[in-house]
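Common to both upcoming complexes is chain A, partnered first by chain B, then by chain C.
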Partner chain A sequence: MSEARPRRAASQWAVAWRRFKRNKSGLIGGAIVVFFILVALVGPYLVPYPARSYQSLYEGDAGDPPSFKHPFGVEVSGIDVFSEVVDSTKNDLYVGLAATLITTLIGVAIGALAGYFKGAVSDILLGVTQMFFVIPVLLLILLFARVFSVLVFKGLGLTLIVLILSFFGWSSIAFIVRGETLRLKEMEFVQAARSLGARPFRLLFRHIVPNILSPVIVIATLNIAGFILTEVVVSFLGFGDPNTSTWGLLLNEGFPYVRTTWWVALFPGLAVVFSVLGFNLMGDGLSDALNPRLRE
Partner chain B sequence: MASLVRYIIRRLLFMIPVFLGVAILTFFAGNAAGNPINLIRVGLRNPSPAVLRALEAYYHLDQPVWLRFLYWLGDVLHGNLGVSISGRPVLSQIGPWTFTTLELQVLSLILAVVIGIPVGVFSAKHQYSKTDYAITSVAIFGYSMPTFWLGIMLIIVFSFYLGWLPSNGAVSVSYPWWGSWALDPIAHLILPTAVLTYVSLATIVRLVRANMLEVLRQDYILAARASGLSERTVTYRYALRNAISPVVTIIGLGFGAALSGAPALETTFSWPGLGYAFTQAATNLDIPLVQGITVVITVMVLVANLITDLVYAVLDPRVTVQ
Partner chain C sequence: MDEKLLEISNLRTYFFTEAGVVKALDGMSLEVYKGQAVGLVGESGSGKSVTAQSVLRIVPRPGRIVDGSVKFEGEELLTKKEDEMRKLRGRKMAIVFQDPTTSLNPLYTVEKQLTDILMLHKDLSKDDASKQALHLLDRVGIQDPERRLKTYPHELSGGMKQRIAIARALACDPVLLFADEPTTNLDVTIQAQVLELLKQLQRELNMTMVMITHDMGIIADMTERVTVLYAGKVMEVADTQTLFKSPKHPYTEALLKAVPSVKQTRALEVIPGNIPNLIEPPTGCVFHPRCKYAKDVCVKKEPELERVEEGHYAACHFWRELELEGRGG
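Showing the complex of A and B:
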């Protein structure tokens, strides 16, 4: 007769999910995010006008205020704002998610290496991280976007913006990961693995990094919001990709005529605010749910 | 005291590589924009070969890139930011813009700190009350919003619809607002200051609240209350003291972020500062001007960080010991 096996304790992620479900603002944030993802996936097939289409101009509706036919109004140029806001969703989410993915990979790698190893290389990595943390990043992003999109890599479109945002945006993740690695590498389970002969890379990426995923997930979620906001600024100032629908591009086109056609500035801005709010609320909710110090 | 001095020197030394890093990135981007002479040529009618040769020598185009960088850096360190494509020296153009930008930024920062700290403390003291929910909701909208977009919305309402406040510039051209040239600049300051204050306020309130909540739970606060000190003393003299130091860091970083956001905000309000000039210069590919503004803003951000570090060290002397 074998002994009855003790019931397995709920996994870390199950506990986190249970705690997240109880957090009202986190759930609202999650719902908003799901809504925007749905809009991004199916929206473009449902809207009346294709992306960047001036069709309304030929229908005589250019510059019309919100109506039943054009719920968000029409640009002076003849672009239907509602269709354009929906079409932009997938592009703005693409920027936010892709830049977050890249910066998380860079940040975890640099942070883990800077935290685990001692010596010149790790000092340099820390110094570079600190540098990217204090410099006026947005200004350099604008400069790079302007110079490189116009002159050097014309064909890359939004991906160029993603790459620029990623180049300047990895330092917050690297900081967190470095701090946590410094803390964890002295803990018993890491020393146990080390004394069993685990090599540094195995130690880092099998034992240390999985244990710092919680703060990384939280910061990454908040970073999605930050990258969306930054892309909006880049496009609003006219340094983004002029051929791809984004909320920032709509704001850029609407701003000069804002005195008469206020709807071109209002609706894409609301889309930005709510999507960013969704990711921020979700990030805050995750932060509460994943924080072991707040665990009951 | 000696440790404080050593700490300051350490921070100052850290600024050198940071400045170099920004200088390399700025120069690299400017260099990628291509041959500066092609851009200048647009404005020159039939330049003579002698002029072209002189320009070539001026920009050291016969030298390798890294040498050009050193020439440029040497000029920058001597306070020579070059000549913009309009033909005017960059430095003399930047001076007045710096002042208008700082006017807006510093005013908003002061307002945000003066309002944000008590509001954050209040929110923490009344956690989960209706007021707390209201404050945190208003705050989370504040940092989920593109600053410039809020500016556009306020312009639509207060300038175009109500007609109460000006929508652009720092002073009027022909007729003053509120019938007085003395009040005119104040009328122009209100909207951009309100936008910038609200956005910085959101971050400060959020952080003060979070830190206060953590500190108020600690045992020494309980001990202070038990010893019969007034709630006011416990909150402001005991709790806030320990909750405020991380806030100081965020204020410093936030000032940098706000300066970084100046192009979008100042362009919205046509505010004649560094940010608006940056947008225009970048749009016109006026590379020397863009590089100059980037360098000046970087220096301002680094100085702000240094001041932050100093204040932090005074508030929390532990950081000076390493």
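Showing the complex of A and C:
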């Protein structure tokens, strides 16, 4: 019995990609994300004013509303908002992506180990995960940021924020991965692999982990949005790096004058809203593509 | 030829659950000679699959082998270290599982599933392993093997998937193969094909096979010797022909009566009741609650496996007295 029709790629990823392409909101989200990535990569070379520059003050434009010369207006201090929003894009994306990457690696490693092994190892890992899950992350981030602020002036800036976010943010992924590992451990193909002589680590990394990538990818995408938001909060409250342009910093600068120079807060705010929206829509699209539950 | 490949003695595998200790295997024995096709028959829950798991020592938690002996090629398996066992698994002994949809990893192509185990046990390069994989597919009767190598399990029919699973189990030429209900999940016509394939492979490779099933028809077709298992204990052991013609245990008789036949006109006789609670099994003979011949002694005293004649054993107090109905065919 041979099949003569041409073969479409049938791997899990090919199938998911085809499904993703059919999901309108997911595609919109993806487009928004791509847009922001382009802005982050190319934008800084195209902006009229360099980062954190007070040049407009000398040009007499300080405090001006949006105009052709300054599309997003000018801060009272002379900083051009458009240039700043564009420059901040790469920094905010950096925080979101880097923190997500690190927390995903830690979360998957700890979650898989906690789910696969029984006994002391698993219990300790689970306990540690629970501990990190329960502590009030934001407060500690603010505390750590303040304590380590001495390093900020030595130029560690955003990376420090990334490290702190990563240190506290891996527990939710670890829980999900642990749950999935527990479930997959009992699946018959794992038993089958075991019956054919596979060692525990081989079982874990060749059979179990590849099968949990789907939910992990979805959560990671949503986490990018989450980390961006957290960074915004940290910088808005004044605990971030005052020398690096981020949307949160701009909100911090614009907030006191929101009644007069409202553009200083509006445009960074819009940037945050759209970038987070983009990642969320994309995450939802990925979720539907990777875990379809409804009949098409 | 008269070499004992596998000898299980008094095996007890218990599952320590929160509800109590489930005695999945409670004193089970089995002898398999090299080159034989042996059947292990019983209802669901009789302990058939646990037997295979116990031999390979992959009994899932909370199960544990608590007593007994399992000798393979003369060596005691229960005292071996885990990495010694791992060398045997897939290499000397393998299992074909019931449901190929779940026993094959959905993420990997057929080629990868096969080359994976080939490269694990034999020191082959990826190319050599791929060539061998092709050869394996051919051997299990898959058409157009080059194309099939690149397909994923979900693209294949049930029968094909099971052939792949069989190819995977045979990849390293094991001497002992457990086929755990390999055709239960397949439809009948495919069932026949897969069984035919197993028969052919067993002959060609002179492989020793333990056919685990609840289907007496398969036993009749595929095996030369059979052990009847109930609630983790052996009820009867005999050559297949003998078992069918003159069973000596009421459970065996009941199993035979429950097999439909094209020729018969009477209604199927169902065995009343359910398999017992393995946490608190019945006293005496474990089959007594469902046995139509049960007497007082059956409730009080557990029957031993007694010799009926050479090679034929039954665990029943009344095997001498009872005139049980077999199936001539």
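FYI, the second predicted complex is superposed on the first by the 277 of 296 C-alpha atoms of A that agree within 3 Å, B and C clash if a C-alpha of one lies under 4 Å from a C-alpha of the other, contacts with A are read in each partner's own complex, and residues count from 1 in each chain.
By definition in this document, contacts are C-beta pairs under 8 Å (C-beta built on N, C-alpha and C of every residue); 3 or more make two chains touch, one makes a residue touch a chain.
Note that this is a predicted model, so its numbers are computed, not measured.
**Q** Should the superposition on chain A be reported as showing a clash between chain B and chain C, or a fit?
**A** Once chain A is superposed (C-alpha atoms), there is room for both chain B and chain C without a clash.
**Q** Using the superposition on chain A described above, determine whether A:Leu139 touches chain B (first), chain C (second), both, or neither.
**A** In the superposition, A:Leu139 contacts chain B only.
**Q** For A:Ile37, decide between first (touching chain B), second (touching chain C), both and neither.
**A** Neither partner.
**Q** Name the contact category of A:Asn211: first (chain B only), second (chain C only), both, or neither.
**A** The second partner, chain C, only.
**Q** Touching A:Asn280, do we find chain B (first), chain C (second), both, or neither?
**A** After superposition on chain A, A:Asn280 lies in contact with chain B alone.
**Q** According to the stated criteria, A:Ser195 is in contact with first (chain B), second (chain C), both, or neither; which is it?
**A** second
**Q** Let me test your reading of the model: by the given contact rule, A:Leu101 touches which partner, first (chain B), second (chain C), both or neither?
**A** In the superposed model, A:Leu101 contacts neither chain B nor chain C.
**Q** Comparing chain C with chain B, which touches more residues belonging to chain A?
**A** B
**Q** If you stack the two complexes on chain A, which partner ends up touching A:Gly238: first (chain B), second (chain C), both, or neither?
**A** In the superposition, A:Gly238 contacts chain B only.
**Q** For the combined three-chain view, what is the angle at the C-alpha centre of chain A formed with the C-alpha centres of chain B and chain C, to the nearest 10°?
**A** 100
**Q** Compute the least Cα distance separating chain B from chain C in the superposition and give it as a whole number of Å.
**A** 9
**Q** Touching chain B in one complex and chain C in the other: list those residues of chain A.
**A** Shared contact residues on chain A (touching chain B in one complex, chain C in the other): none at all.
**Q** Okay, in this complex, where on chain B does chain A touch?
**A** Where chain B meets chain A, its residues are 14, 17-18, 21-22, 25-26, 29-30, 32-34, 140-141, 143-146, 148-149, 152-153, 155-156, 160, 253, 256-257, 259-261, 263-264, 267-268, 278-279, 282-283, 285, 290, 293-294, 297-298, 301-302, 305.
**Q** Spell out the residues on chain C that touch chain A in their complex, using ranges where they run on.
**A** Interface residues on chain C, with respect to chain A: 56, 58, 60-61, 86-91, 94-95, 97, 99, 102-107, 109, 116-117, 120-121, 143-144, 147, 151-152, 154-155, 165, 168-169.
**Q** Applying the document's contact rule, which stretches of chain A touch chain C when the two form their complex?
**A** Chain A reaches chain C through residues 1-2, 7, 10-12, 118, 186-189, 191-199, 202, 206-207, 210-211.
**Q** For the complex, which residues does chain A have touching chain B?
**A** Residues of chain A touching chain B: 127-128, 130-131, 133-140, 142-144, 146-148, 150-152, 225, 229, 232-233, 236-239, 251, 255, 258-259, 262, 265-266, 269, 272-273, 276-277, 280-281, 284.
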